[in-house]
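Take a look at the structure below.
Each chain gets a letter, A, B and C, in the order it is written, and its residues are counted from 1.
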Amino acid sequence: MRVVLKRRLKPLAWPRHFLTPVSVFMALMLGALLFFWVGANPLRAYVEIFKGAFGSFYNFSEVLVRGTPLILCGLSVGLAGKMLIWNIGAEGQLVMGGICGAGVALFLSSHIPTFMMIPTMLVAGFLGGALWGFIPGFLRAKLQVNEIITSLMLNYVAIFWLEHLYFGPWRDPAGRGFPGTAMFPEVAWFPRFFGTRVHLGLLVGLGAALVVWFVLAYTRWGFEIKVVGANLRAAQYARIDILRNILWVMVISGGLAGLAGICETAGIHYRLQQGLASGNGYVGIIVAWLGKLRPASIVVISILLGALMVGGDQVQITMHVPSAISLALEGAILFFVLGGQIFQDYELRIQSEAG
Amino acid sequence: MSGSDLPRTPAVLMKGIVKRFPGVTANRGVDFRILKGEIHSLLGENGAGKTTLMNVLSGFYQPDEGEMFVNGQKVSFRSPRDALDHGIGMIHQHFQLVRNFTVAENIILGVPGPWTLNMDNVEKSVDEISNRYGLAIDSRAHIWELSVGEQQRVEILRMLFRKVNILIMDEPTSVLAPQEIESLFETMRKIKNEGRSVVFITHKLEEVLEISDYITVLRRGKVMSTVRPEKVRERDGTVSTELARMMVGREVILEVGKQPMKTNRVLLKVDNVSVMGDRGELAVKGISFTVRKGEIFAILGVAGNGQRELVEAIVCLRQKQGGQILLAEKDISACLDSIAYIPEDRTGLGSVPDMPLMENVALTNRARFSKGPLVNWKAVREKALGLIQEYNIAAPSLEMKARQLSGGNLQKLILAREFTQDPLLLVAEQPTRGLDIGATEEVWQSLLRQREKGAILLVSGDMKEVLSLADNILVMFRGQAMDIISGEDEKGIERIGPLMAGLR
Amino acid sequence: MESGALFVAKISITSSMAVLYATIGEIFAERSGVLNLGVEGMMLMGALSGFATVHATHSLWLGVGVAMAIGGVFALIHGFFAITLKVNQVVSGLALTLFGIGLSDFLGRPLIGKVSVKFEPVSLYPLYKIPVLGDVFFSHSLLVYPAYLLVPAAYLFLYRTRYGLELRSVGENPSAADTVGIAVARLRYCYTFLGGVLAGLGGAYLSLAYTPGWKEQMTGGQGWIAIALVIFAMWDPLRAAGGAILFGFINAFQFYCQAAGITVVPGYILRMLPYLFTIGVLVIITRWEAARKRVGAPSALGIAFEREE
């Protein structure tokens, strides 16, 4: 007996609505095993995660705070993914966005009118990320260098650059060894809402999602991106300038991640410090693919994974279980969802031993 | 020769084979038998189920129903390896060779033996076999260095090396020039004389008469008849119309009703153009010709003689090395808006299989349907609906994916899309390959209608298509123009066959 | 200066080993047509499971064995998704890396800062007596020496054996391999597994010999560098060894500058070197091979095989 998968002519419609819940459930069962392994009661752990994320208004506001950079990083990875360009460098682009925005806040605040401060920081953050996206984009478009590796290597470069800055030239002289720059002047702080830590960045993220959605659905450029991703040779045939598109997509993609960086620094930390590179760029990859590269889904998934991360922090506090469980769970969910997708596109056939 | 008609134990017997695919039943209860030491032709139209039947026999497909016997013993193959172990090997239309391997490496691949590999020994034994069967080949050459005909020899050598008793060849002559076909038949006879059998899949009636001991005709997945060639040969040596009728079910004479060309101004001028191939070799060597308005100009040749590179240079998808291409007296790269291109590879190049029909219609027309940076999807939808009506395309909705269309309907959609551009020059590459007769007729009619509006450059390997449509025919061989022959010139047409094989 | 050069040469060898094992492993996987971007995750799981085993049992070789097995099992996860389920291999590989990072971090927390037995340098008699070379090549831990055999063995296996020919054919043209009766899926599973085993070994080298102990993300991107080196090596084990040692040299040079107190270039900038080096090397090799019109990648790399039906 052997199992054979056969591609369906038409994807099955009915499993669509419950495949994802089932996949997530199975990932959570795997998570339960992990909790069990480290000696924690899985049921209690999940209850704690849920309470941590949705237990109170403040907790939920924290979910939105954690979801904010994920939205932007998810869009960053997702936009590039639409044309099958693999931007694994969102983490480094985020860091560069933070650095550039922080540079504006730290050194130019006296030269910029107050009402222009935050817009300038956003632009600087976008440009910082865009530059970091441009490098692998350029190498890929002009020299055919694999963008997966270059964008990833640049993550490490950006992080060392960040550490160099806050341990070195940008270090807060009054900080007495605290790894970070001085606080930004208050004009450079992003406004927060409802007495929580939810800040302007959430609106930036939602706005970016709207723009990306519109571009993909209604513009000629968005259409070209989709054609390149779906059939590269047909794109050549249709005289789409693929190289220019790769370059621009990587620039915009980097810029989106850069926005995430400046939103984190100016919305949460108010300074450049350790913890800016906390893996949001990598989780963005999971967000983008769980959201099937669709902007609206990316927003929803970001909030859900934000909840998982807030909950993960909660179990670390109350049950002393490492919060790294959230990344492990996210990876597992992606696997199970990818696997579940198969049952829509393929038909499972069991062939009996012939003869 | 097979001697008499007395029944012997057949080398292979297939009984009641049924093979279904999603949406089609390719074989509907086929009985087929192969005797020892015969050349058995499997004749039928595209889509008649010939290849499917042989894929079942060679272990690629598992039949849904039916049974098979080899030398009287019941067998069931789960993979090509099982079939090879029973001495059955198949050479596909699309060669199954590793391009980056040498000839000898391809031949030894998958042959059981000790775990170390001494390529010198392998090369020696390959040379031995190739000498014995007159299949000249350099066993150290890489596949990518070889012509299509040579690659076919490698496939045959591989089967001989494995000592198969049943050699199945799927449309082996479709990639060969007439002279090469003769030497292929010579090899087939040698194999037969050793008591092995050859199954020859084809849709060309004349070849069947020349080489076969038995002919089995398939139509729509069923065996119409198994006959000896003498029974279907007319006294004058031609094929009886009966055989053709068995194949297609009706008399088919495609009467396209072409009007003679009016002399018009020159539209396309190709002057001494040279083009590099993918591996840096000179694929097109200084070709010149002109195409007038209202003309269908055909480039005819066996696949792989530089036609693809030439076309890609004309539509500016490939750099040319030298020469000039002018459209209406301007360099062609300045008039990309006036060219439409219907590529041979419909799913790989001409469409995006995973996108809806509507977006496929917009593919090459997106500038026409845009205002500034925005695409006017409403206008695209209206246009697409109009095209589906006008060109009789069987598509239930515009949201359906291009991959869900049949080959004929997809081709009509691409044709329709390219016609809407109102091109001065339409380049059509193998426009009817793989289409059934009905769809072929529609495509030909559309091309003739388009001829009235501009000029058409038709690239084809199908002589019948070229003779039905073309006003002038350029025969291409190894990157060179052998000659240009008028479609009206009866004497010239007779020279086309030798010209395709490189004989002037 | 003499001792400085010797220091750099020795460290070049020791700091290239983890990457070398992982690179050779990935060459096998990619030669069979499976692109596994999960190397970083597999190395981390190998490093953690190896160290955890040694911490619990004090048996170094058991630790190495467990690390290799865990690496292989993780590779099989990717194999299942890439080969059987035909999921996009880039996404699946990334998922494996992220899962590996998260899982090793989660499970490894209690082990951070713990000390245990480790592989000590063992001079290989009598080879270490060769002047200079002996000290550079033959006075390392026992996890280094197998690499000296692995590289030529991998080369010979690929080019001089029937299995190597079959492996390469599956990565070049699986449909042709299938036609002559080679079990494409089975071979791909085997070599993906082997790739994971070697990545696990690379991880164990880190946690048991090179920087003994466990720390989250202790591989520091070496799994990714291995993937870059596969391209640098044009899928050839001998060139992979060269690339790995070059990488080791950059590392050693950076250590040397720090140890010798050279502060012209700040430390953090020095630590960027291996990553910048990887990018630079990738650019050069891509240009170079493109100019020679050579495509080193297996033709079917990253493409799932489906018998047309």
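One rule holds in what follows: a contact is a pair of C-beta atoms (placed from the backbone, for glycine too) under 8 Å apart; a residue touches a chain by one contact, two chains touch by 3 or more.
Source: prediction; values computed, not measured.
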Note to self: From the C-alpha centres, identify the chain that is farthest from chain C.
What the structure shows: B
Check: Which chains touch each other through the most C-beta pairs?
Finding: A-C
Note to self: On a C-alpha centroid basis, what's the spacing between chain A and chain B, in Å?
What the structure shows: 48
Next item on the list: Please work out the Cα centroid separation of chain A and chain C, and write it as a whole number of Å.
Entry: 27
Next item on the list: For chain B and chain C, let me know how many angstrom lie between their CA-based centres, rounded off.
Entry: 45
Next item on the list: Would you give the residues of chain C that are in contact with at least 2 other chains, written as numbers and ranges?
Entry: 309
Item checked: chain B-facing residues of chain A, complex -> 8-10, 218-221, 223-224, 226-227, 230-231, 233-234, 236-239, 351, 354-355
Notebook entry, point to check: What part of chain B is in contact with chain C in the complex they form?
Noted result: 21, 60-61, 79-82, 84-85, 90, 92, 96-101, 105-106, 108-111, 113-117, 158, 279-280
Check: Which positions of chain B touch chain A when the two form their complex?
Finding: 22-23, 62, 74, 76, 78, 317, 336, 341, 343, 345, 348-355, 359, 362-364, 366-367, 370, 373-375, 377, 404
Item checked: Residues of chain A that touch chain C when the two form their complex -> 5-7, 34, 37-38, 86, 88, 139, 143-146, 148-150, 152-157, 160-161, 163-164, 167-168, 282-283, 285-286, 289, 322, 324-332, 334-335, 338-339, 341-342, 346
Check: Across the complex, what residues on chain C touch chain A?
Finding: 37, 77, 81, 84-88, 90-92, 94-96, 98-103, 105-107, 109, 216, 220-221, 224-225, 227-228, 231, 266, 268-269, 271-272, 275-276, 278-279, 282-283, 286-287, 290, 306, 309
